[in-house]
Every structure is written in C-alpha cells, then in structure tokens.
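What follows is subunit A paired twice: with subunit B in the first complex and subunit C in the second.
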Partner chain A sequence: MNSSKPVRSRRMTFFAAIFGLILAVGLVIPANAQDVPDVGPKPRVIVKPMESHIGNLTGHSESAKSDYRRYCAGCHGDYGDANGENAVWLDPKPRDFTIATFKCRSTPTGTLPTDQDIYDTIARGLTNSNMPIWNTFTKQQRADLVAYIKIFSPRWDREKAGTPIQIPAEPPVTMDSIAHGKALFTKLECWKCHGPHGEGDGPSAATLTDSKDQPIRPYNFALGKDDSRFKCGGTNRDIYKIFMTGVDGTPMPSFADVIQPNDAWDLVHFLRTLQVHRHSKENEILMSAHGVIPPYVDKNPPPAAAPADNKAPGGGQ
Partner chain B sequence: MRTNKAMLLISTLLVGSSFMFAGTVSGKVTYTGTPAKPKPIDMSKEPTCAKQHPTPITTETVVTDAGNTLDNVVVYVSSGAPDDGQVPAQAVTYDQKGCQYIPHVAAMHVNQELKIANDDQTSHNIHPLAKVNQEWNKSQPPGTPPIVQKYEKEEFIPVKCNIHPWMHGYFAVLKTSHFDVSKGGGEFKLPNLPAGKYTITAWQEDYGTQTADVTITGNETKEVNFTFKAKAY
Partner chain C sequence: MHMWTKSHVRQKRQSANSFLVAALALIVLLMGASQSASALPAFARKYGLRCSACHESWPMLNYFGQKFKDNGYQLMNDRDAPIWQNPGYWPVTFRILPIWHRVSSGKQAVDDPTTGGQVEQRITSSGFDISGLDFHTGGTLEKNFSFYVLPSSDATASFHFETVMARLDNVFNSPWLNVKLGKFELDNLLSEKRILTLTGNGGIYQLYHFIPQGDGNVFGQMGDNQLGVEVMGHSVNDRTRYSVALLSSNDGQPGLPYGSEAYSTFIAGSQAFDAGKLGVQRLGFYVMAGEAPTSWLTSGGPNAAIAGSGTGNKGYSREGFVGQFYFGQRFDVQVVTQHGQDSAWFGQGYGDFIDALATNNNTPGTTLPAGSRNPTWNGVLVEPHFVYSPQLIFLARYETIRMSQQSTPGTRADLGNITTYTVGTRYNPFMTSRAGFAWHNEFNIFHQTGTAPLSGTNINTSEVLTGFDFDF
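After this line comes the complex of A and B, so read on.
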C-alpha cells in the first residue's frame, strides 16, 4: 500500500480547511474595515499640467495661466466653473469647464471634443453669445488656453477625446436631395422645436431649457442673412456636424444613430433653403422651381407616421 | 480520515454559511403630512400619445399609494456590503410609451446594460442630465432599435425628453446589487444579505434621502421602514 497518498490527501484537506477559514474571515472583515475612519489631511486638489495638440502646435496649460486670468476668468471664473463676476449678467451663460460638456464638437454626443474643436471655438467665438472672436491671440496662445481649460475637469485625465465622426464627401445639390431633406425634417420631427419653416417656433420651442435649467431657444434658420449666426461654424460640413453630434448641454440631440451619412447631406441641403435670405446654391435651385419643393418619393417606403394635428413643415419661399 | 471529513465539512460550512443563511431587509416607505397633488398632464400637442390616455395621466414626482405609502422610492444598501463588482447580466429596460417613462425610476448597477426603447409613434429625444457621468442626448424616432448605454459611476440622473417637456424620469445608478424600488403600497425587499451591519438608504426624487442601520445575524428578515416628510408643493 502506498502510504504517501493518504498523507497528501490529508494535507490537502488540512489546507482546504485553512483556506476555507481564511475565506470565511475575509468575508467578515470588509464590513468592519469600513468603520475605520480615513485619517490625515483631506485629499487635496492637485492641478496636473495639461497639454493640447493642434496640428504641429503643442499647448501647455502653465503658459496660459496669465491669459486665462486676464481674458477668460471674468466670465468662466477662476475655477472654470462659469461663476466669473460677469456671469450673472450673461445669457447664454458661459461654459462651465468643470463639467467638460461642449457644444461644438466633431465627436459623438457624450464624448470630449478634440483639441482642434476647442481651438476652433476660441478662434471663431460663439455667435449670439458674449464669447468673442479671439483672433487677437497668437496660435500658440490659443493652443495654451485649450490645454488650460482641461485642468478644471478630471474627465480630461481619465478619458480620451471622442473619435471624430466620418463625413462623406458632399454630393451635388439637387432638387431630389432637397426634397429628401425636407422629408427627413418632417419624419425626424425637427419641426417640433425648430418650427415648420425653421423659424424656431415649433410646438415645443417655448418649453426648452438647457442642462442648467436656463431657458434656451431653438435655432431660427430664417433670421439673418449670412452664416455668421451659426454657433459652431457656417459651412455645410459644420451644419452636418451639428445634428450628427448634437449640441451637448442643450436640448438638441444627436441624430447619428438614425440618419445615414448620405441622407444627412440631403438634410443639410434642405436646411439651407430655410435660410430664406441667404444666397446659396440650394436657394438658387429652389427659386428655379418657383419655390416649390416636390414631395419626396421613397423607393422603399417605411410605415409612415405623419404628424396628424400639426402643421406640415414647408420649404423656404 | 473521519477528522478530515469533519474539517472539510466545517470549512465548507464556514464559507457557505454567509450564503446559506442569508437575511432579508424588507419594509415600507410612508410619508407624513400632505404631499403636493399630482398635476394632470396635457398631451394635446402630441395627439398620438394623448389618445393612449383616455384619462389624462398625472405627474410622477411623488407617487402615493394606499395607507400613506410612497412608491418609486429607491431603497439600497449604501454601506456594509462591499460591492463585489458583479454586474447583473440582465439589461435594465426603460421604455417610452404614451409619452411616459416606464418605469419612472429605473435602478441599475454601475456598468449594467441599459436598453432604452421607443414604443411611441412619435420621436423622442432621450436626454439624461448626468453630471458625474457623461451627459449625452440622442434622438429616437419611432421604429428605431433600442439605445444601449451604460453608466460608469454612481449617480441619480434626471432624464428628460426636450420635445415633450412633461416627460421626466430618473436613472438610479448604484454601486451595489442590493437595491429595490418601492411599489405596490411602498413595499420593498432586499434579499440575499449575508450576516453583517448595513446602512440602508431610501431616495425619493423630491424628498431627498433617508438612512437606517440594520444588523443581520443569520437567516432572518428584518423590517426597516422609512417615513418621509411630504412637501406641500
């Protein structure tokens, strides 16, 4: 009879018992461990220097300290929390960098913008707000400021910027494209806020508030003459980006999950016709058709859900 | 050999006991005073939803039940049961039906899958106003597939639809799998609690939070009740 086997199994049983005891004790300890208070100084906020990368430029947060204090803190606040001394007088309110939610992005809703996105916003300013065009800064200064505003939110340390959405090349503007865009504007119920003629007077318009409970108005396409009134840039690509990424912190959602990339261009072309005073290729085509957008004929019609008791949206005249 | 078997049995018992003799905390959520009267919701701007409610539905900020009880209160173990990181495999569903969120309050574990569906004949934009987690805002037209999301951090997130301003709800993202939402007369139940000292928290969206300490010693059911002071408006 081999005597080593029972000894080994006995030893294993012994170890299993010890292991069981350790496990059992371990299950009890964590409950008690929480009763021990954390002693010592409170965790302090340590500002980690941040960087930005825009093309060949590298921005450094430390270099922007004096510029931020002099030019930005008056509205955005010393702590980036939108509580600068001017903030109470402003509408819309300054951006709160501690939340790190940004309107003008090339990245999907809920993600951080790219450095270039923020850089462009600083350079462009925000129309219809008190954020001016900062073209008095050098490119390096702007890049440094992009890095500086990152120190206010831990999100910049934890997360990477979102991946910019893919934008296919713009197809030519045709009446078919405009008509399809109009059908999308109806189907996706853009008119519920923006109004049937894009005048910002849809049935839900009056009730809108931003994520800080401030009243906010939907964009009125019909007002004004040029593109300078678009917050996030006035090119067709910029408009494409607006509804495919959403304007985070506002009621404007992202439509990226529900509009196919090429269909999105059709919507851009229709939206241009709502800018009735603007000279554009879209309005030229509409004029040559005497201002009438023909109904769009879908080759694969889905079950229609027409707005029954609401006005149907119209094209620009 | 017999002693070995006995040792094995003891060790198994020691390990297993905490699971075999699991306790339960259950109770009721009630209120004192007079809560604000729920207001009827006018959905006439959205006929497809309005016709689903022959009697107009009312606001759900405070949902009372018979015997001064409160429903839609999130009750969870806030300390004493270290989170084992076990994320429930089943997704939490959040439905938009008749221009209403069903359920009004959805409780979930951190990183648990959340499926948001639109059963209406109208577009909704689902806009959870997260502050600790990422805020996002997505359009969901009729007939589109559910939006699948996860939240990484503990937070009570108000949810709204900007198109239909009466639509309000909450996501309760918790770092524990021991949670329940009071229903059917303010009742809740937190089963499978191993022996230990716990803090139970009850959260009501308008009335705030309340906590209670409870000790579970074995296979027992302990009653814990919460009473909120109602706000008149």
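After this line comes the complex of A and C, so read on.
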C-alpha cells in the first residue's frame, strides 16, 4: 500500500504543474492586453440608475447591463460613446449615446426622444446601417435597454423628452396631391441632396457630413422593392414624421415650421412615387396617368429653378 | 514510522497546495482578465457584431442567433448580400481544440496472461491531445441565397464533409418558406453541433444517438447530419417555427451506401412565449420516423454486403418534446424528452449490415424468433446553464435513457440503460467580432447498465478535460 503513495505524490506534483501553467497563461493574457496604454479622456462615471416608461412597462437600467454588453457595446462602446471595437469598420457610425442626439423621434428637432421612440427603434433596427432588427428581445428587455442608454448622457437628467408632434389623418392619395408634393420637393430644394429623381445623387450629396463630421449619404428612394424601408420606419406616417421632426445629427432638417400638415402629406405621396419598384397606391395612380405628373398650379410663387443639367425632379419614369 | 508520518503529512500538504494552486489559477483567470464571448468570426466580421450577440455562449445560439440562422445567416437588412463586403472578405472560420484529458473506462476486456483467458479491468489514461479541425464556411451567395460548407477532420487530418448545403431563403418574400438541400443538421432546437461540452460521452447528446443493445439500426441518429431536403419557416420574430425534412436513410453518409429506396422524415415545431422578466420561453416537439433496410445482397461471402443493395425496409421512430426555459438573464434550463421505437427486425440485429453494426442479414425466408418485439425506450436530458456574464458560463447536464421494452423476451429489462452526468465551465477572456477563444473545463461520468463485456455488469466511465477551444 505504501508503495502507491510516492505515485500519488508525483501525480499531485504533476497536477500542480499543469495548474501552474494555466496560472501563468492566465497572468500573461491580461498582462499583454495592457501593453497599449489607454489614452484619451476618461469616460463618464456612471452612478445614477435610470428608468424608462413604455406603456405599462418600466425599464430599469441596472437590469440591462449584461444585455448591453452582450448585444450593443461592440458598436456603441462600453461607455456609450460610439467607440466599440467594431465602430471603426462601420458606415454609418453607431450612435453616440453620450450626446443624446437621436435620429428617429416623434418629438421636435433638438429635443430628446420619447422612451417609446427608442423602444421602437431597437425593435425596428435601422436600415442602411449595421443596426439589426432586435425583435427577439422581450418587451421588458427592450424597456431595460432604453433605460440603460440614458445613463450615458447628462441630458437625460436635465431635460425632459419633447412633446410628440401631432400627425393629422392622412388625406386620400390623388394625382393632385402627388403633383403638389412634387412642387414642394422642388420648392424646398429636397433635390439638392436627394437628387432630382430621389436617387441620393443631388449636387450637394457628396459634401454632406453628420454632426460628428462623418460623411453621410442622403436616402436613395429608388433602391429597394416592396421591402424597402426608411431609417425611421416604413409607413406613410413614418415618412411624415421624418421631415416634420428632422433627422437630428444629420443635415436633414425639420420642415415643421415651413410647411402645413396637409402640404406635408402631399409631399409624402410624391415621395412614394420615387420608390419606383415599390407597389403603392401612389404608383398605381401614377401608372394610370402613364407615369406623367401634371404641373401643379396654385397661387404660390413658382418653384425654384431646376438644376443646371435640366434634370427636373420627377417620379415614376 | 516517524519518517512515514512526516512523509504522509507532506503529501497531504502537497495535495492541499495543489488545490490551492488550482483555485488560485481559476480565480486569477476569472478576475484578472478584465477585458471586455465568442462564434463564427466569419459572420461576426461581416456584420460587425460581437459573438455574444448570437451565442448564449459560443457555439450555443441564443434567440437572436437562432433567428439569424433561420433567416439564412442574414440580419434581414441591406447588408446581407455579399456585395456589401470588402472584396477581401472570405467567409471562413477555423476551429480546433488543444486539450488535456484523463479518461477512465471501467470493465474493459483484457487478456490475462496467467490464465490465458480474459478479465475485466479499468483502463485509465491521460495526456495532452488535439481535436480535429473544422473549416466552417458559410453565409450568403446573394440576398436570400445562403450556403454552408464544413469540411471537418479527425485529429489525424482525415477529412469528411460534415455539412454541405445551399438554401433558398424567404421564398416569395416570406419567412415561412425556406428550402434547404444537401447534408445538414436536423432542426434540433437543442443543437448537438452547438453543444457546449467536449468529452467523449458528454460531448454528444446520448438521446440523439441511442441504439439498444444488439439493435442494428444506425439510421435513427438524429444528432448526425443527414442528407436530404428541408422546408422550414418561422415568424418574423422567430417565435413560431416549423420544419419538415425528407432524408435519405443513410445516416448522412454520401455515396448511397445503404438501401436504394429508404427514406426518413424529421418534423419539428415550436412556439416561444414572452414571459416578462423571466425572458422568452419556448416549447416544441420533434418526430423522426422512417424506414431503413434490413436485407442485403452479398458478394464473396455471406457477410460481404453489397453497398446500395439494401431492401426489406423496416420502420423506426423517435419523438419527443423540447423546452427552453429561461429564468431571468442568467439561468436557463434546456429539456429534451424522447420516446424511441425500432422495428423488431432491428431489435433482432438486422439493419446496418454494411458497417457490421447489424449481425444478421434478412435473406429471403428469414423469420424473426418467436416473441420478438419492437424495442422501445424513453429518455430525457436536462441541461441547466448559469450565465455569469457573456464571458463565463457554468453548465451541467443530466441525461438518462431507460429501455421500456427489450426486443427479446426474457432479456434483462434494464440492459443498455444509460445515465450520464456532465458539469463544466467555459470562459471567454475576450469578446470581439474577430476571433473566439474559450478556456473549457469539463467532467463527465457515464454509466451503462449490464454491458460489461465479460461479466454483463454495469460499466462506469469518467473523463475530465481542460483545454482551449478557439476559432479564427
């Protein structure tokens, strides 16, 4: 019996050596990771828990810490500053939660979005970007993430969310409303960025940058088919909302002070005709008119001159 | 005596020291690596997502990852088509595991030089080892055209095709219709190909491979990738899923090695529910049923079966329920049940005569022994996970299979029953979209009733494993 004890002893020493090796590896990995110093300003110290309120749901930031790290931090960064390890590869860049400027809102330009706005954005994802459709989360998970996003900016302590804009009922789609929308598209100089045919190739398109001086491309209406989406939703109400609230952080301004609600609906109807591959009521009406939008006649001053290359704004061609 | 005592004390101290060193090593690794888990880096690189976005712990999928897979490895945004990728992007990931493991197998038949006969003896071995190498390549050929090819080797670099499939995704622009053709994993909610364990007996789901003692049916192993066509569909948010597959009854082996007219089917469906703060719960079912050959033409002797000549198809089935239950963000329990049944022909040793799993050939005029019955069994596996963080998961598994009817009357009722326990941890020291690395630790005990080769007593096998599971 005693003869087996030295064997056991050697086994113990062997196991100790293995775990010693593991220990060494464990020490080396983090040590190597620290070779490059962490430069730049220190992130904001996050101490105050935040809440979100979506219907009957209350989200708690403390509950979303793990989910944020698992799903969001790779792009938005551990500190919400859009400096995740993937951010450098992404175009457009991820949202910087530290400045609390959000593109998709129901609230006036310059104001904070409602909790519901952010909640909807998480579930919808953002087309033309790397932001996926996170519709596999539970409602509670999403509400918690909305609360978590708020911890990154002091704006959420100082300000309240803006009051959502009122969206009147949509009037019927008619050729008259499409024609009026086309006139507005010219008058408001939407074509300068979005191009005469809404293909995102207007004369100013190449010069556009966002609020962080990153190049940005205007929306190309002509791309996509029936599944085409806008960044902030796919319904007519969503389009209405986009140009009445603006897309904060981008050159797309709010037109809330420039056009009347019914005029805005006319513009929505015209914009739908720029989605030439999409089945829509607007395109049906246009097709029945052989693709020609008649000139709109009203008492307002004539629209601004067409671009120098005579590419007049149009739709459906 | 005094010296012996001192030595004994010293050994005890060494033992204590070893535990201390082990504990310290674990603590240092868990606490020291403070970087901010891992996947197919090919997909993560494409979309710029961390591996943890799709994996509860790599390679096991979470709900988002399951939806991504069901959509044909697409996020369903405008970045799905490969045209969006840098031309240098190549959707390939390599995976391999250097490990140390110790395997102790009970009651092995060994020659006894003293008697000239055989005795049963436990054989224990340990050492450093490597796994085979997997080349995962998959993604989209174009929007809504996806593929997956997986050449996989054993540890000596002998390759085979584990997966080869192309898929039409979202046919008619609907997530409810996707068609896959090739060799692929069956639509098991608890995927064995994404199993979190690596030991010999713990690294598979026994339920997915169970064959009763003496049974010749190799064709009902739902854990093996199969050749066939699959139609599957799901709701937009993947809460509702279904799949129907038509498979060749050949256990995924190419070249039509078995019967010429034998087919099987695998049908699965599930529904997930939002349970508030508990998370998303999923309940589902599966059925694998089909026919496989028992009768073979031979050439050059009664045991030299001709490949592809199998006829005399007999039936088999495996069916059960699957549950994925989440209790908050950190704890979940995966449950699979099974009721299995083989034709009495399989139970009597007819079936895969090509690979000699079957011992009998159902030649013309063959009759079954009087009283032969369909072998049936029931089983369950329960696998709880504790996700401490996206980088660290603790897991366990209890799996048991109980024969409910032996094919031959009078056979010991519990012959071949299996019970296995597995515990383990996986720790990912970093989380990026570029590569994956897990420090894996696991212990498995496997118990089978009545299958010792000489005595017919129970067999106990254990394995402990530690290693690095990495992909890049």
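By our rule, the second predicted complex is superposed on the first by the 255 of 317 C-alpha atoms of A that agree within 3 Å, B and C clash if a C-alpha of one lies under 4 Å from a C-alpha of the other, contacts with A are read in each partner's own complex, and residues count from 1 in each chain.
Criterion: a residue touches a chain if its C-beta (ideal position, glycine included) is under 8 Å from a C-beta of that chain, and two chains touch if they have at least 3 such contacts.
What you see is a predicted model, and the numbers here were worked out from it, not measured in a lab.
Trainee: Looking at the overlay, what does A:111 touch: subunit B (first), subunit C (second), both, or neither?
Mentor: Touch partner of A:111: subunit B, not subunit C.
Trainee: One more residue to check, A:287. First (subunit B), second (subunit C), both or neither?
Mentor: In the superposition, A:287 contacts neither subunit B nor subunit C.
Trainee: Per the contact definition in the header, classify A:258: touching subunit B only (first), subunit C only (second), both, or neither.
Mentor: A:258: touches subunit B, not subunit C.
Trainee: May I ask you to decide whether A:246 touches subunit B, subunit C, both, or neither, giving the answer as first, second, both or neither?
Mentor: first
Trainee: Tell me the contact category for A:139 with respect to subunit B and subunit C: first, second, both or neither.
Mentor: second
Trainee: Examine A:70 and indicate which partner it touches, taking first as subunit B and second as subunit C; both and neither are also allowed.
Mentor: second
Trainee: Please indicate which partner A:297 is in contact with in the superposed arrangement: first for subunit B, second for subunit C, both, or neither.
Mentor: After superposing on A, A:297 lies clear of both subunit B and subunit C.
Trainee: In the superposed arrangement, what residues of subunit A touch both subunit B and subunit C?
Mentor: The answer is residues 9, 13, 16, 18-20, 23, 27, 30 of subunit A.
Trainee: Which positions of subunit A touch subunit B when the two form their complex?
Mentor: 6, 9-10, 13-14, 16-21, 23-24, 27-28, 30-31, 34, 99, 101, 109-111, 187-189, 192-193, 203-204, 207-208, 211, 246, 248-258, 302-303, 305, 308-310
Trainee: Can you list the residues on subunit B that touch subunit A in the complex?
Mentor: That would be residues 1, 4-5, 7-8, 10-12, 14-15, 17-18, 45, 47-48, 79-82, 121-123, 125-127, 129, 131, 134-144, 147, 162-165, 194, 196-197 of subunit B.
Trainee: Using the touch definition from the top, list the residues of subunit A that touch subunit C in their complex.
Mentor: Listed in rising order, the residues are 2, 5, 8-9, 12-13, 15-16, 18-20, 22-23, 25-27, 29-30, 33, 63, 66-67, 69-71, 73-75, 78, 85-86, 89-90, 125, 127-136, 138-141, 224, 226-227.
Trainee: Which of the residues in subunit C come into contact with subunit A in the complex?
Mentor: On the subunit C side, the touching residues are 4, 7-8, 10-11, 14-15, 17-18, 21-22, 24-25, 28-29, 32-36, 47-50, 52-53, 63-64, 66-67, 75-79, 100, 173, 236-238, 274-277, 279-280, 329-330, 387, 389-390, 429-433, 466.
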